[in-house]
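Heads up, there are several structures right after this.
Each of the next two complexes has subunit A plus one other chain: subunit B in the first, subunit C in the second.
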Partner chain A sequence: MIIQSLDPRISRARLDDQSCDGQLSEHEHFETFEVFQQVKRGTHHQHVGSLHAPNPEMAILFAKEQYCRRGKSVNLWVVKTSDVFVTDYEDADIFETTEDKKYRDPEAYKVMDRINAYKARLNP
Partner chain B sequence: MEFTQKHVLGLKELLYKMADDQLILGHRNSEWTGLGPMLEEDISFSSMAQDKIGQSLALFELLQELGESDPDTVAFTRNDNQFHCSQFVELPIGGYDFSLVRHFFFDHAEAIRFEMLADTVFEPLAMVAKKFKGEIKYHTMHADIFMKKLAEGGPESYGLIQQAINDNFGLALGIFEPGEYESELIEAGIFGGENALQSRWLAKVVPLLESFGYTVPKVENTAPALGGRKGIHTHHLQPLLDEMTEVFSIDPGADW
Partner chain C sequence: MYGNAYIETDGSKVHSIIADEDPIKLALFEARIAAGDKIEPKDWMPKEYRKQLIRMIEQHGHSEIIGSLPEGTWITRAPGFRRKLALMAKVQDEVGHAQLLYSAAETLGKSREDMTNDLINGKSKYSNVFNYPAPTWADSAIIAWLIDAGAIVNQLANSKGSYGPYCRALERICAEESFHLKYGHDNVVFLATGTPIQRQMVQNALHRWWEPIMHFFGPPDKSSQHSEILMRWKLKMGSNDSMRQTFLAMYVPKIWDLGLTLPDPNLRKNEESGFWEYTEPNWEVFKQVINGNGPCNKERLAVRRMAEEKGRWVRKALMNQGAMYVSPLS
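Entry: the complex of A and B
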């Protein structure tokens, strides 16, 4: 059967789905990179998305056009997706205990009363 | 120094050839949109093609200030023999190997030309040169990384690029076809001239390609593809112009 794809290029190539044996060499299937953009010096790099590339140098090239064409950027990081360590969603309960620990939030500190009082004096 | 009529003619000739090179190569490279080897590269290459069209607009605007017609009229109503682009940029896109090597050769010439123009006595052009410095730097960075990585990619990619270098070299030398007013441009401090540009280009691209492991043909043994600057073009340019101006020609007076 000829592969029908939403990508017109794939459809035009009239590929036979029997011709794909599932074995891809390194250069036929690029890995993904995560892209981090810095919009201003001194601020955090922020994750903006991912892309396919054969190596980090080309990932930087592609990231520049894909994520920084509009708006301001001063710096880019790319990281192989496979190099990112992640938590398991099954372990999401490890985050649950923090919710009720109000004393960890800045507003729980007594100093906030004094700051608010000072603000009120400034803007009566 | 007061500009004489010859200086102005030389300046216009310079602006026309630069703008026409960018417009035509920008159009050619945009033919890859949707067909690029991978989505990410498709976006990058298309975006650089758009940059070229934008750069040509800035130069056509300078020409308008010097008394030429408005950019749309100049870009869309001339025939092939009125174009000053090099034959190099008008040739069909060929395979991706050909287009990449053309991008490498052309954009390095462009980068050096703009570097030389950064301190031209014609100030509006110096401003344009500074404005596009970053854009062009990305273009050469893109080209360099592709040349390097394809050299490292194995005998197939290395062989394709080496062949495209051999095929492109003489065509690329056509960029540096001297104009009629070279000495006037140099004397007035408008532009350092095509010969100087070619020397600087060779000093840049030859060692670079050799450092990646490619062999570059010798200038002495290569016939440059000349004629484009004087309006002599291959049979590939007019069909490109017909396609590029198709929509414009339906209603040339339309307000966009």
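Entry: the complex of A and C
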């Protein structure tokens, strides 16, 4: 049956409610890109999400529409998702010892204790 | 807009849901969620968790797309240039929300083409409210205010769920929804404080939308073991009734404040219990509409089909033949 709508434009399109048009074949929506946005000069680009696009130029265009509708942006990067190399969450133990390496932290160096002890010894 | 928890809760399946999962992996998974950690795409997850998530996120994405249709038809007829600009921006936001949600669902292994096909074939659901028409400008104002308000209640709750990509998408979405709500409220207030004809128009629209709004949060949940698991896995973040209560508590006073009425003589706050009392909407109507017999189901899907069909030559022209699809990272 032809769709009758309150919207005259839809009625004029004479859409058949039984039609099977519009079926997508696999991957008709292009490659996946990851999007990085810089909101201000001097700050890091931040990952904000992903999108599908046929090429990097279109990806930039879509990224602007999709991720820069509010607030400030000064720069965008898009990267093919397939070009991003990632660690596995299963391997998260490779980061485990980082926090134990106290000698990397400024707080690990307490020279005042030693200086004061030294002064106390000089002038008892 | 519009995440709606139409999760099937079939208690009889509950044993098979967990029975063939690796008990050690399952315990680690549940401990992670209990500790407030998020699950990420490549993590191990129970099959039922993946299935329900895909269904939820996909439905939510479809709701954003289909939800933009009844409002979209009002862009050319919105009164005044500023309202046209604002409505266009809102509709663009909604379509953008769908893109974010589809990306999140893709991380679980369902391709976007599959989701779109399931939508236009009628296999996937979307929020029931969008199967109703918006016959006047006031209807579009009520949608933007109250349907978006309902959606925000839902989305805020879900943004505290357990799946990382869905939470991240919802955080972006919620930030944008606050403009929709303000814009909708502004339109309703303008009509409600306007001429007697404008007032009547918004009053009529409110009466038309009340039942769909009460339906919006879904039928009262029967507590089952299944829904208990979904709560434990932080897929379901609150019962349908508790979301409905939150909505009523926030918005009924604002509606009454404008001197507008609602078509339910039993609607009132029980001062003792703190809960809102109301007449149950007709859930038979809800079932009819969700199963395809609402006033606009056919039109919505036909319009969506047309969009894919008419966009095909553009997609073909742009297609990069050597391109390889991969699912999004996060």
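The criterion applied here is as follows: the second predicted complex is superposed on the first by the 78 of 124 C-alpha atoms of A that agree within 3 Å, B and C clash if a C-alpha of one lies under 4 Å from a C-alpha of the other, contacts with A are read in each partner's own complex, and residues count from 1 in each chain.
The definition used in the following text is that a residue touches a chain if its C-beta (ideal position, glycine included) is under 8 Å from a C-beta of that chain, and two chains touch if they have at least 3 such contacts.
Just so we're clear, the structure is a prediction, and the values are computed from it rather than from any experiment.
Visitor: May I ask you to decide whether A:Leu61 touches subunit B, subunit C, both, or neither, giving the answer as first, second, both or neither?
Guide: A:Leu61 sits against subunit B, while subunit C stays out of touch.
Visitor: On the A-aligned overlay, A:Ser5 touches which partner chain: subunit B = first, subunit C = second, or both, or neither?
Guide: After superposing on A, A:Ser5 lies in contact with subunit C but is clear of subunit B.
Visitor: According to the stated criteria, A:Phe30 is in contact with first (subunit B), second (subunit C), both, or neither; which is it?
Guide: So A:Phe30 meets both subunit B and subunit C here.
Visitor: Quick check on the superposed pair: does A:Asp17 touch subunit B, subunit C, both, or neither? Answer first, second, both or neither.
Guide: After superposition on chain A, A:Asp17 lies in contact with subunit C alone.
Visitor: For A:Gly49, decide between first (touching subunit B), second (touching subunit C), both and neither.
Guide: Touch partner of A:Gly49: subunit C, not subunit B.
Visitor: Which partner chains sit in contact with A:Thr81 here, subunit B, subunit C, both or neither? Use first/second/both/neither.
Guide: A:Thr81: touches subunit C, not subunit B.
Visitor: Comparing subunit C with subunit B, which touches more residues belonging to subunit A?
Guide: Tallying touched residues of subunit A, the top partner is C.
Visitor: Indicate the residue numbers of subunit A shared between its subunit B interface and its subunit C interface, in ascending order.
Guide: Overlap of subunit B and subunit C footprints on subunit A: residues 9, 27, 30, 51-52, 54-55, 58, 65-66, 69.
Visitor: With touch defined as at the start, can you tell me which subunit B residues reach subunit A in the complex?
Guide: 34-35, 38-41, 43-44, 47-48, 138, 141-142, 145-146, 149, 153
Visitor: Within their complex, state which residues of subunit C touch subunit A.
Guide: My answer: residues 40, 42-43, 73, 89, 92-93, 96, 99-100, 103, 106, 111-113, 116-117, 120, 133-135, 168-169, 172, 175-176, 298-299, 301-309, 312, 315, 318-320, 323-330.
Visitor: Give every residue of subunit A touching subunit B within the complex, in rising order.
Guide: Within the complex, subunit A contacts subunit B at residues 8-9, 27, 30, 51-55, 57-58, 61-62, 64-66, 69.
Visitor: In the complex formed with subunit C, which residues of subunit A make contact?
Guide: 1, 3, 5-7, 9-10, 13, 15-17, 19, 21-32, 34, 47-52, 54-55, 58, 65-66, 69-70, 81-82, 84, 86, 88-89
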